[in-house]
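Okay, so chain A shows up in both of these, paired with chain B first and chain C after.
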Partner chain A sequence: MAAKAPLEEEDTKPQTLLLTGILSNTYRACINTAAPSTAQNPHVTEDFRLPWLTGMELLSDTNQNKHFLPTGLQGIDALLGGGLREGQMTEIVGPSSSGKTQVCLSSATYVVDKKFGAVLYLDTSNSFSPNRISRFVNQTHPSLPKEEKERRLQMIMSNIYCQSVFDIFSLLDLLHHVESTLKHTVKLGGSKLCLLIIDSVSSLIAPIIGGKNSQGWCMMASVGVLLKKIAYEHNISVLVTNHMVGGENGTLKPALGESWKCIPHVRLLLSCCIGANHSTATVLKHTLLASGRTANFVIHN
Partner chain B sequence: MEISNLPISPSLRSKLLAKGYTNLSSLSPLSPSILAQELSIQCEEAIEILRAIPHATTSKNAYTPHGIIPGAVTAWDMLSEEQMQRHISTGCNDLDTILGGGIHCKEVTEVGGVPGIGKTQLGIQLAVNVQIPVEYGGLGGKAVYIVDTEGSFMAERAYQIAEGCISDILDIFPSNSREFLSCKERLRANNFLDGIFYFRICSYTEQIAVINYLENFLTQNKDVKLVIIDSVTFHFRQDFDDLAQRTRVLGGLSLRLMKLSKTFNLAVVLLNQVTTKFTDGSFQLTLALGDSWSHSCTNRIILHWNGNERCAYIEKSPSLPSASAPYLVTGKGIRGINSNFKRARTMPS
Partner chain C sequence: MGAGKPIEWIRCDESGREMVSRVLSGRPFIVPVPPLHRVPLRLGNIVEISGPSNSAKSQVLLQAVVHFILPKEWGGIQFGGLERKAVFFDLDCRFDVLRLSQFLTNRINETCGSISKAAFDKLFHSCMNRFLYVRCYSSYEFLSSLKELCYQIQRKDEAVGSGVHLLLIDSIGAFHWIDRSNQLRGVCKGKNISPQSFQEAIVHELHKLLLLQPLLVLATKASLFRTETPNEFQRSSISNISGERNLFFREYMPAVWQSFVTHRIQLHSPEWNLLDIVDDCACV
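On to the complex of A and B.
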């Protein structure tokens, strides 16, 4: 695993990737405006096509830019081969009060604490608790002097940005906004945005899918595509949570159905046994590692 | 960043504060015309206020989140805001302690339990307690009480609870102190009942309509600090055939309530019934409306019998550990076990 120097990230970013971003836009504009004329003039598409990347280039891009962001929860980090990968979308599913929000809050804290960059937290169920974050921060170094503690707390908490979102349209708006600002200014209050959390994405999508209207599925797909695009182009790790619904014969299954299932790169199931003081995480889907493995982790009070 | 540091004339500032604008993020999404209407001032003055904002934020605070999303707040700002917040006391000290001070504003709290455990009692108690004047450590707000066809809200009972609450306040604060004289008028049970807005709904369509209308209502009544729905379940348990549609409607409903609680800085309390669920070869009691609904509240409190004792248990919360506390339903309302005749309420600093 490549060790990371996150704040210099921008300068070392390979030129090809920057080009990719610019070119893909021009390319799209070209498709939109000049599509009818391409038949007469094949050079248009030839000139504006995306540059090829060879496997070796991709690999070096991956090694240089797509780091694992540790969640700070040892069980989960081991299970995911280091943590939440930049450029990928990780989904946490689990029944109510299984610890999904706690994993989100804890990873936000840990990632900022380890100076990987800033975190943007989109909250749909008013469950973003600054109080909880301050407790996470203070329990990691309980022995520090008071002033030092306060400074650290302010440093960490000033790099976690929270925004409430209550419907799918404002989510799409926000994501478009994030995408366009990232293209122009990549730094957020001095540090780069490295983790985007949506807790929970399912509560926004669930009210609009199903029934007779097919637009809902469309918007769900757009959210997925947009999130993955932001993740890939700007080397951001995206973390979303999803709830569980009752399936056939009383078992629980992740909500949002089969068409959402293929959108996240990694899917992690949380479950919490009553009486035990730890929770269990199971990999349901992973791009690199075998699925079906489980690990226990503890979230401290 | 507070309104009080904004470089505008003192009269405009006091108008802003009087209308309940305390921080800049609440102002930034407004257009000049709406702001002018809201404060009943000239449009030019509203523009002046809005112009003052970005200037002040860029110069004062290097961490402003402008860049990424307009209106996003850092956790640090939220923390200091949260520490200023007051909570609605439940009347029972132990329960307040495990809830971190009481029911929180800006959150949706679901309370469920078997019939007769005291859900409605707790609801009425909260509707009364939210009105305790600020001088006595309360919020000095008002309450909206939405009742289903069962109509379990009893005005007489609310009157009793209000009287109980007033007598407890008078026990704690000596009656000759200056605070008491200044708001003696407000400490009447009648006034407490005046501060409860009551809606009765007779079908789920009405329930959805009322919740949609609440946004207008709350814009006009900014001092409402608590919305109680008693119970959220009843109509949705009776009249629905298509369960998938029910899930969708409920999902939309919960998002709207979340939005109300955040934008108007108020607490939403949903009372829910219980149902039996077959898991692991036995029937167990859980709250009604299914697994998807269980995700749609911020906190969840289960009221249950523990032998002969009533207990409240925090099943779900993003910030509080699971804990349990006993409580009593007395003639005066909800009270703690230990302070059975006199509530030792501590003044929040």
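On to the complex of A and C.
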């Protein structure tokens, strides 16, 4: 029901291309003086010269354009200082059934529900569940009348764009497509794209890594650069999940290990205790806050 | 006269003492930056900071930035900074300006205790304006921004007016795999652009910059391309002999970069149960 093809929308505006040529001499530094809507103007990235920003310009850009998107799970939001930062890439790593997909679905629902913008959900393992989303909506608005609830669900579903991706090539293709679409259009189907979820990125990348073949590493690095570029240039928050596999001595380790570790900004480890009704999140890496802190959160069934 | 000439000829141009004083005035030792205080650094040095993820490489860079952009003295308060500009090349795209601002705020508050809001803002602004930032998404972009550096510094200099003394690169090996793979595929027709030639060009540019003005270059390098996880025996030998640590992390930067680097600092993450990070700076 929510599975709209995300990028074949009619609202790509080719006329902005014309402007691009004219404006391409303008520096990116104008981000800070210009209104927020022009910050996404195409000329921003069309310029061959890179923007040189001073600390103050950078800071005001961050304060104006890079907000926190709450996930709707209190424990995680508190742990991350407000939620998923726009312009950054957050990674969730955890063993099977620790709630990675649930966090993804929950944040997608919450972000759209609070009208932050649209969500693009790239599903690599057929785990996207519209039913789950409708249950989330029921839980967050238990007192609404049935009609109103229906309307809200409609709104939420129409702002979550789900796309199945089953190999790295279609992922790269899609991300390039997303990037060029965003460059020329500010909005995606009515509201601005603010959250890009890949659940799970590891199931696409892990199979191509290893051995003496460097192509796999290259594609992994390319995905990383591309995701961070999309996130930063268009003020989008990127959320990816990484599953865990058995390492030596029977301990679990992330499927994308050391070399992927330096790609995301924030790494969050989820774990669930058998018997307890809550899961635990641990910050393994954060650009701003100390790592090693933990919090519990509950995902209602 | 006739006898004097050959003697003049074999006489040296300057004595060692003269040379030392000349070099020290042109490229002085800088007041040590806290985590690097064990390493005597001069302007003109190229320092490579390597270590695995989580070993506070970026933190070391930030501390150096704050040290450089803070004034030596401001409104009668000693900050002990250098009041110079710092240029940050973000190749990893993970720089968080809020972290820098948090760090700078803490440093200012620590030093002066109570300070009025207006005075704080003024100091904070002047410091932050001494920080220049550029983000690169490929080796080409990095190279072109290096070429642009002098022009940009001049442009911004008119506004701020203090020389650049610090150049930071986080991290130098960010595009290694992408460049290497492009080379294998032969993306550029006729001409193979290898990571070596990229590094050569980058080193060449940096070299030119250093000739123009004395800079301290700090570059981080993620050492994560391990060929194999060492077994228990190897692990113990690694932690004992500092020289063997490098064998553990595979060197992937081309020789041209390795020979360009003047100081190499290896950081370890706390997970290694070694000494704490600050004490672990080993100059090789």
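What to note about this one:
One rule holds in what follows: the second predicted complex is superposed on the first by the 251 of 301 C-alpha atoms of A that agree within 3 Å, B and C clash if a C-alpha of one lies under 4 Å from a C-alpha of the other, contacts with A are read in each partner's own complex, and residues count from 1 in each chain.
Criterion: contacts are C-beta pairs under 8 Å (C-beta built on N, C-alpha and C of every residue); 3 or more make two chains touch, one makes a residue touch a chain.
Given the structure is predicted, the values throughout are model-derived calculations rather than measurements.
Model built by superposing both complexes on chain A: chain B and chain C fit together without a clash. In the superposition on chain A, A:53 makes contact with chain C only, not with chain B. In the superposition on chain A, contact is made by A:255 with chain B only, not with chain C. Of the two partner chains placed around the shared chain by superposition, chain C is the only one that A:287 touches, whereas chain B remains out of contact. By the document's definition of touching, of the two partners only chain C reaches A:220; chain B does not.
In the superposed model, A:243 lies in contact with chain B only, and not with chain C. For chain A, the partner with contacts to more residues, out of chain B and chain C, is B. In the superposition on chain A, A:136 contacts neither chain B nor chain C. In the overlay built on the shared chain, the residue A:297 is in contact with neither chain B nor chain C. Judged by the touch definition given at the top, the superposed model places A:124 against chain B, while chain C stays out of reach.
Contacts of A:110 after superposition: neither chain B nor chain C is touched.
For the three-chain overlay built from the shared chain A, the minimum Cα spacing from chain B to chain C equals 12 Å. Of all the residues in chain A, the ones that touch chain C in their complex are 48-56, 58-59, 62, 88, 214-215, 217-218, 220-222, 225, 228-229, 232, 248, 258-259, 261-262, 265, 285, 287-288, 291.
Across the complex, chain C meets chain A through its residues 52-54, 69, 92-94, 96-102, 125, 127-138, 141, 144-145, 148, 152, 156, 171, 174-178, 180-182, 184, 222, 224-226, 229. Residues 62-65, 67-76, 78-79, 82, 100, 106-108, 244-245, 247-249, 251-252, 254-256, 258-259, 261-262, 278-279, 290-292, 294-298, 300, 315-316, 318-319, 321 of chain B are the ones touching chain A in the complex.
Interface residues of chain A facing chain B in the complex, by the touch rule stated above, are 95-97, 101-102, 105, 120-121, 124-134, 153-154, 156-164, 166-167, 174, 177-178, 181-182, 185, 187-190, 193, 200, 202-204, 206-211, 243-246, 250, 252, 255, 301.
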